[in-house]
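Dropping the structures in below, format is structure tokens.
Two complexes, one shared chain (subunit A), two partners (subunit B, subunit C).
Presenting the complex of A and B:
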């Protein structure tokens, strides 16, 4: 199990809470809520070790495309980067 | 009958969608949602990622106007297993229920990673079901792809009514456990038709272990759930006489 944190300053805060997905094989759970401070903070807990560079690339690209301020928690059970991106978009659609 | 493309499948729906679709429209209020972070503290120590609702959804809802406790186990997370936190959520929801409760059971039973705490949770849940069923209906729905096994199959058996679909399976031991303990001559766990013939919804309703057989369509299940609430509680299910009759029928000649 590995913990990864990605942060980015600035951005418009999300207004609502959103929860999507599940901690199931090839899937992940995303909890998105308005931030405590400013900027975006994504914390990841993943069951698969050793993929930190891919996580960083995926999450930084998401934040680049969506400059939001939010507290996002990801609980992952071996999802692919494509799955991660889709779940994040889904959560954002509900939280904005 | 609803055309195939407009049907909404229970198996395909998430636990929250299942509850929403079965109760009076817009009446479900979740208690301890994932943001309450009522999850298991024991899984991280064992290198397992936790789900924030601990795989259990509880809340209050209306069912034909009745104020009921709605409970759903998430079969996607660790086989819908019951640990300390999820078990406590179920037990408290049952204890506080007003006009009855329903449980959407998609569960392999106790979470082995939490061992005795899971056992204790099942005991609390059984206690709460037995207390509640004396004054209001407690209905189990077994219609998910995991089925209902282990300690939670005891919980289901205690309920006043059980609704199943042909997808659902219901038994004390799962097929792999039976194969491992009794040998492949008793049951080949890879023989899926044999598993459904023995423990599937059609068979269980025939045997009288479950009460109502429904299709997988959510609207049909919503009707079946209401029928179960309206029905007389099944007090026969666990009677010794009925169980003796069942064993006599099923014993090899």
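Presenting the complex of A and C:
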């Protein structure tokens, strides 16, 4: 298990809670909700250790594309970066 | 009429001698199965070139098991020519010293053992071929002395019925029979009257009834239940960014879930886009079960097949307007002709791979395995020469000087990472370091980057054929390569320039919303759905049934 946190200042807050995906092999769940403070904070719990740079690059690119303020929790079970990005987009679609 | 024994006819003399040596086991053309090993020991001489019919679908496994049982003191140093080294006994031939040299195309399941034998110096690899190249060489400098093939049935005259799984039998038999080689066919049964004749009996020297039906793999069956949202997103991008843009009508799909997803989106997503009759009408394709919904929805005009597919027989027989079928109603496949069609008659090949470098060179060879490629290097190439100017082919012409020719679309469809931590886009292919170790003259590259016109990932489409120079080409690939080592070289300002020039397209440029990518878009989400679409004519193998 590894825990990774990525934060970014500013951005428009999401308005609703959203939950997509599931914790299953090669998949992940994403919980997205309005932020407690300002800015975005993404917390990842992943079952696969050792890929922190890939996680950081994936999450930073997501926040670059979508300058939001939100509290996002990710529970990962070996998803690919493509699946991570897609679930984030799906969660954001519901939370905006 | 040539005279036996003349100096121009040594092949016929040799053949007559060998056949007389095995006459004791023959009754007419029917060989006594119990004497198979004795016959092979008398028939095959050290150093002979022997073709064993074995491809990624059907395998002449009764004959290959027989060959692996001969005494290596009698039969040794055979030069094996074979499409797919797929069965354990193929490798046993080298371990036992029966065979010494091999020319082949693909070794999927045996790729680890083969690499080990090469390391141990027990096998010499002539070359790793494509199917067409190997078939071509059967007619030039790799003509078999003995061919061991498989058929569904034979009659007493040696006529063969190969049915849905005709595949490469005609190519092997023609090359051998017309050069005074000896052809033995294993058959599932002997019958008085064949449903149709696929190979004439005068080309066949002996038929033998096998102990069990020839081995065959349902290689092209993909369970829709395993298609995930990312794969669906990539399929949406391929449909809008490649098929719709170029009006791709004549095509081949690789094996894999990525292209299966495209097939399952035709009657739903592509239908809503109004693309029926505009794309995907004529196919060079194995009988993919995932194409059933598109066929049933009226999307498909014709399908010519490389081989058969287990479980699809009844469905195909009931759709003779779509598939190539014989007067008996069953499919006639032919790998050589389908490969030829893929080279010269299709607008597009699309398939997946395990590794792509920054120049879009692609390979499925990874460390410790010598796997080969089968047909993909031919399907995934532009044969460059003259061909008919279909609309998509012509649209890729670069110059407008009155002479310019077009290009076949060669598309690689890949997710940026194969699994968490394993990037598809790499700085150097594993294949680049493998040639020396395996004693190969060239690296096992599957598709050369200069033939690749488009790359599609979950991030978008790179129109590589539009890039003006190698730097732009690499930048276009980096722009859709995600957070892989290649993708981390992305420069946002250059990406914007390339997007404006149409060299790179992101989902929003193509009208695709990633959050729309959901399994509910698939025309079928399970094997049971495919069976329903087929009107219960499709009969999936047991391993694909959950009911």
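We adopt the following convention: the second predicted complex is superposed on the first by the 96 of 96 C-alpha atoms of A that agree within 3 Å, B and C clash if a C-alpha of one lies under 4 Å from a C-alpha of the other, contacts with A are read in each partner's own complex, and residues count from 1 in each chain.
Following the convention adopted for this analysis, a residue touches a chain if its C-beta (ideal position, glycine included) is under 8 Å from a C-beta of that chain, and two chains touch if they have at least 3 such contacts.
Predicted model, so just to flag it, every value in this text is computed and none were measured.
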Touching A:23, do we find subunit B (first), subunit C (second), both, or neither?
first
In the overlay, answer first, second, both or neither for which of subunit B and subunit C A:83 touches.
second
- Please indicate which partner A:73 is in contact with in the superposed arrangement: first for subunit B, second for subunit C, both, or neither. first
Just checking: does A:1 make contact with subunit B only, subunit C only, both, or neither of them? Give me first, second, both or neither. first
### Message
If we overlay the two complexes on their shared chain A, which of subunit B and subunit C does A:12 touch? Say first, second, both or neither.
### Response
neither
Item checked: Partner chain in contact with A:31 - subunit B first, subunit C second, else both or neither -> first
Dual-contact residues of subunit A, meaning touching subunit B and subunit C, are 27
Within their complex, subunit C touches subunit A through residues 228-230, 233, 415-421, 457-459, 482-483, 488, 514-515, 517
Subunit B contacts subunit A in the complex at 14, 33-35, 44, 47-52, 74, 76-78
Listed in rising order, the residues of subunit A that touch subunit C in the complex are 26-27, 48, 50-51, 54, 57-58, 61, 78-83, 85-86, 89-90, 92-93
Within the complex, subunit B is touched by subunit A residues 1, 17, 19, 22-24, 27, 29, 31, 33, 45-47, 73, 75-77
